[in-house]
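First chain A sits with chain B, and in the next complex the same chain sits with chain C.
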Partner chain A sequence: MTLFWQLVLNGLVAGALYALVAVGFALIFGCTRHFHIAHAGVLATGGYLCFALVDRAGLPILLAGALAIAASTLLGVVILRGVYRPLERRGGEGFVLFLVSLGALILIENTFTLWLGASSVTVDPGEALKDPIRIGSVSLTAMQIGLIVVSFAAFAALMAILVRTSLGKDIRALAANPELVRILGGRPDRIQTAVYALASAIVALAGVYQVADTGMQPGVGTNLIIFAFVAVILGGIGSVGGAFAAAMLLGLLQNVSQLVIPSEWSTSVVFVMFLALITLLPSGLATLKSRRAVVLSATAPDASLPGDALRPATHSGEQA
Partner chain B sequence: MTYLLQTLLPLIFIYAMLSVSLSLLLGHTGIFSMAHAALFGVGAYTFGVLTVNYGWALLPACLVAMLACALVSALIAAPSLRVSGDYFVVASLGMQVVVSDVISNWDSVTGGPAGLPGVTRPIIFGIDFSSDAGFLLLVAAVACLTVAVCAWVVRSPFGRTLHAVRDDELAAAAMGKRTRTAKIVVATFAGAIAGLAGVLYAQYLFFLSPETFVLSTSITIITMMVIGGMYTVTGAALGAAVIIALPEVLKELDLEPATAAALQQMLFGALIMVFMFVRPQGLFGGIGGGVSRLIARRRLARGEGGGLADA
Partner chain C sequence: MRRGTRSGSWKRWLFALIATASLIFVGAACGDDDGDSGGGGDEGGGTVTFAALLPLTGPNAAYGEFQVNGAQMAVDEINAEGGIGGNTKIELVIEDSQAAPEETVTAFNRAYGEHEMPVAISVGSSSILALVPLAEQRKVMLLNGGSQGDELGGASDLLFSTIHLIRNEVAALAPYLVEEGGFKRAAILYIDDDLGRAGKEDFERDFAAAGGEVVASAAHEPGGTDFRSQLANLRDADPDVLFLSTYGEDAHIAVNQTRQLGWDVQLVGPSLVALPNIIRDKDAEGMITTPVQFDPPEEFVAEYEERYGGPPEHPFVGTYYDAVKVAAEAWAYAQENDLGEDGPALAEAVRQIGTFETAFGGEITFDEDGVAARPISIAVVENGKTKVVQEAE
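Showing the complex of A and B:
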């Protein structure tokens, strides 16, 4: 039983990390339909810059983390305004944008590999944070508890922004009907910038956690973004809440499955279940929930069978 | 020169098959797959395991390997393409991870991280293809035949259906084309070609290592296809030559291996970005035809619908 609860806790930790990546991707995808795989590059930037600032510039870890997050936020916005915008002006969208995003991810990740090396780099957050804290028969480090708290807090803050503020209203409006926003005199470009800034700041948190805990190496960001994609699809495309819940579920599933399946197979288990699930439930777990749970999508769940962002806009959801 | 003939040329032919098979999906049908290295690996390992561990004859093993790849490809395509291309991207990424895991963890069959040695080259109609020159001939013949078949498929009525799916799926469906079936069939066909490439690769190297069939190889294949030109079969094939030759050029710079690898990847990333901006039809893709239609139609769609959300 102890093992079970320990695995549940480990699952929460993994899920909290996936969730930090997934909510931002869900927000961007729901609002702009950009398949922003370079989000993983923004995560890597958060982690690697934090390491570089501590290790090369000798800054204290908290300051380094904050600066790294700020720089990553900026990078996210630069990718939007400097790369995606000009591309869209040339008529490139759908898989063209995805290809460019993939190129950006490879470029960013390997820039850091070239600079800081291909082996794993870590920042030491101090003994106190890495000592296991016993809770009954199970244990977590303060870092891990912090990650879970930060992940829930970031999600709560994001939801508060989406539901309560006028920016949130703008974001939801843009997700629902960009043309109408433009007609009513809204500024879609500014709203998009805000969306990229929010999502990039949140994903940079995951990068900073990663470098301070298990370490940053090439491929870490890509690995995490794959889980985020799965979470976004399972959560129902466009739903930030669904993405968060699904990310947590993936983390739990991946860890608790180790009770019966050797741990080296746990990632495969998640993806096999994913393939099975999209066969049975093509529009994600969100269809199981009430209409109110879908925060970004203005349409009713039965109509929210996702359109196809990798195709031009005229292809709305294929009527199967 | 012998290095070029024995080492580089077979590799170029093998990757050309992969690049062409991927271009059938992305360039001609508009389906984005990240699992081509996985299919490549399934083909190579199925062939390797059947011939080395179970002593199968080469030809049946080759056929089974192609069949296995077609099956895996259909397994990604059937559930996900029922919904949308976004699902296919994620499902293919998932399949890439699963296949990498299976290859490196299923020690008792695949040899795990240690790899699978002992693959042999064939003797067909009494002609021995085990020498390097002979093998080069075999690979060249198979690759040229494959490329020719693909070029024929693209021009056939089925190919026109694929182009219709890519350019306007809704319209194609309205014209009575079975768009979903067409997508699943082309994914299965592309899978079989990737499997054949895997079989040749296993024979090329005599040895298989799990590190060959990872996500970054999928990205390399995507780079070849983008740079050569994803909308034409010959373009995609020639892209393989450019990308295989590129590291050889970098070797001349005398860099450390780690630096060279990172630099090469950076170059791939930058090239993908630049090409999609400046020359989406690739180095060898002709202007006109599919591309200009595609872009013109996208402009039109953007003018009408804002081009962002469609929900």
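Showing the complex of A and C:
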């Protein structure tokens, strides 16, 4: 039984990390239909910059982490305004935008590789955060507990913004029908900027955790975002709550399955479950959502405005 | 209107800049080299190309730096004396293999497409096994200085390893654990590739033969970052020792996460785990290992420090230095004895020469499987260093 609970806790830790990546990706995709794979680069920026500020500039880790998150947030906004927007203005979207996003990810990762080297870099958060804390017969580190708390807190804050603030209403409205938002005098460009800033800040938290836990190395962000993709699709495209729940489920399944299945198959189990669930629930977990769930999907019954699930080619944050 | 045009203009430039930079960075990450000579050696002088397909990026880049440094130093030493035989310079073409099979094959094809080299130096058990059919088809001699997967022994007549295999280390380690350490129950965490599985199978066999029992084993994926659930599973089997059949950053993560679970088990690992940064980590204190003893002559250390600004911390410096020297000596021998200039000719030269000088001091001899025998001692990590507790026999 001890082993079971240890695996559950490990699954929660893994799920919390996936969730920090997945909710931002779901938010961006639901609101803008941008397949923002460079989100992995924003994560890497959070981790690598935190390392650079601690190791090269000698800053304390908390300050370095905060600055890294701020810089990553800015990077997310710059990618939107400096890369995606001009592309969309010229009619680029869908697969073209995905390729550009992939190029941006490669550029970001290789910039850090050239700057900081290809070896794993890590920030020492201090013994107190790395030493095991026993909870009965199981144990976690303070950092892992912190990750779970931060992940749930970030999700709760994001949901509060989406449900209770005027910005949240704007985001949901833009997700449902961008043309109508424009007609009614809204500013889609500003709303999209806010979406990218929120998502980038959240994913940068994952980057900072990663560099302090196991270290950053080229490709870490990409590995995480693959699970985020699965969580977003499994959760129901555009559903922030669904993405969070699915990410947690993936983490738990990947770890708890090792009770009965050899560990080398644990990742395969995740994808088999994904195929099975998506066959049974083609719209993902969002179809099981509660009435309070926020779905940034044009087809969501609780969306603020009617809209089109398949966004037209002119979907853009730019003012007409 | 004017403002809009200017805005569009700078964004066009931004696009162009990103696109150009992407291409440059992709090229840099792929380890493109600016080698300019093609083909093998020219009779009566010229150059001969050796390809070094080594991990410059990825989780094994920590090893790659030592490997490239060792190989490059040997090439520069030979060329400073006028080249092989005083007249044939070596051009070392370095390509990033990431020590992964697909990337290594790509790197081989890239190098061969430009240079048709007779020698390729590489690493990664799965990667080298993937290269074997290509090398045989294109008549390229393969040299391995860092991988210890058992399948490499005798995998090809064209393959030589300047480092012993993991079976040799486990054969010394397993009896020591049972007879000297008194450990009877072992668990294994292994990386899910050819080398990791070879280490697992060797340990299962030799530990049982010595009177112990392997009570659990678990795999982790290469390049993974979270092995805590595998470790929790292994802890549940209550072993006396945990044998780590893994390497690179993965090995470091495994050591750290074992302790983060609050698990105080005796750690054991082959030389793959004896990386300098792991040995310096307090989580590795007390670990039993079989480090490849590398105590090069003072002149070697001084030259290395002058070139790279630090001591040659890892034996891969020596094994890859040796790989270049072996290939160079084989080239000279093949020329002198009219054996030819291609890989099979060089491999035949290696077999005929038999014994080579090594940067480790002394000599190495390749056995019938093409593997160089080196002495294996057993050590314990103490205060960030390895302390030999059983000398090599």
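Note that the second predicted complex is superposed on the first by the 293 of 320 C-alpha atoms of A that agree within 3 Å, B and C clash if a C-alpha of one lies under 4 Å from a C-alpha of the other, contacts with A are read in each partner's own complex, and residues count from 1 in each chain.
Quick note on the criterion: a contact is a pair of C-beta atoms (placed from the backbone, for glycine too) under 8 Å apart; a residue touches a chain by one contact, two chains touch by 3 or more.
Keep in mind that this is a model prediction, so the values were computed, not measured.
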### Task
Please work out whether A:255 is in contact with chain B alone, chain C alone, both, or neither, and reply first, second, both or neither.
second
### Message
Once chain A of both complexes is superposed, is A:279 in touch with chain B (first), chain C (second), both, or neither?
### Response
first
### Query
For A:104, is the partner it touches chain B (first), chain C (second), both, or none of the two (neither)?
both
### Message
Is A:83 touching anything from chain B or chain C once the two structures are fitted on A? First, second, both or neither.
### Response
both
### Message
For A:267 in the superposed arrangement: first (chain B), second (chain C), both or neither?
### Response
both
### Task
Could you look at A:49 and tell me whether it touches chain B, chain C, both or neither (first, second, both, neither)?
neither
### Message
Once chain A of both complexes is superposed, is A:7 in touch with chain B (first), chain C (second), both, or neither?
### Response
second
### Message
If you tally the residues of chain A touched by each partner, is the higher count for chain B or for chain C?
### Response
B
### Query
With the two structures laid over each other on chain A, which partner does A:220 touch: chain B (first), chain C (second), both, or neither?
second
### Message
Looking at A:113, would you say it contacts chain B, chain C, both, or neither? Reply first, second, both or neither.
### Response
both
### Query
Which parts of chain A are touched by chain B and by chain C alike?
83, 86-87, 103-104, 106-107, 110-111, 113-114, 117-118, 219, 264, 267
### Query
Mind pulling up the chain B residues that touch chain A in the complex?
26, 30, 32, 75-76, 78-80, 82-87, 89-91, 93-95, 97-98, 101-102, 105, 168-170, 173, 179-180, 215, 219, 222, 226, 258-259, 261-263, 265-266, 268-273, 276-277, 280, 295, 297-299, 301-302, 304-311
### Message
Looking at the complex, which residues from chain A come into contact with chain C?
### Response
2-3, 6-7, 10-11, 13-14, 82-83, 86-87, 103-104, 106-107, 110-111, 113-114, 117-120, 130-132, 134, 139, 141, 210, 213-215, 217-220, 223, 254-255, 258-259, 262-264, 266-267
### Query
Along chain C, where are the residues that touch chain A in the complex?
8, 11-12, 14-15, 18-19, 21-22, 25-26, 28-29, 55-59, 61-62, 64-65, 192, 218-221, 223, 225-226, 228-230, 232-233, 236, 249, 252-253, 256-257, 259-262
### Task
Using the touch rule from the top, collect the residues of chain A that touch chain B in their complex.
32-33, 35, 83, 86-88, 90-96, 98-100, 102-111, 113-114, 117-118, 174-179, 182, 188, 219, 222, 226, 229-230, 233, 237-238, 264-265, 267-268, 271-272, 274-275, 278-279, 282-283, 297-299, 303-318, 320
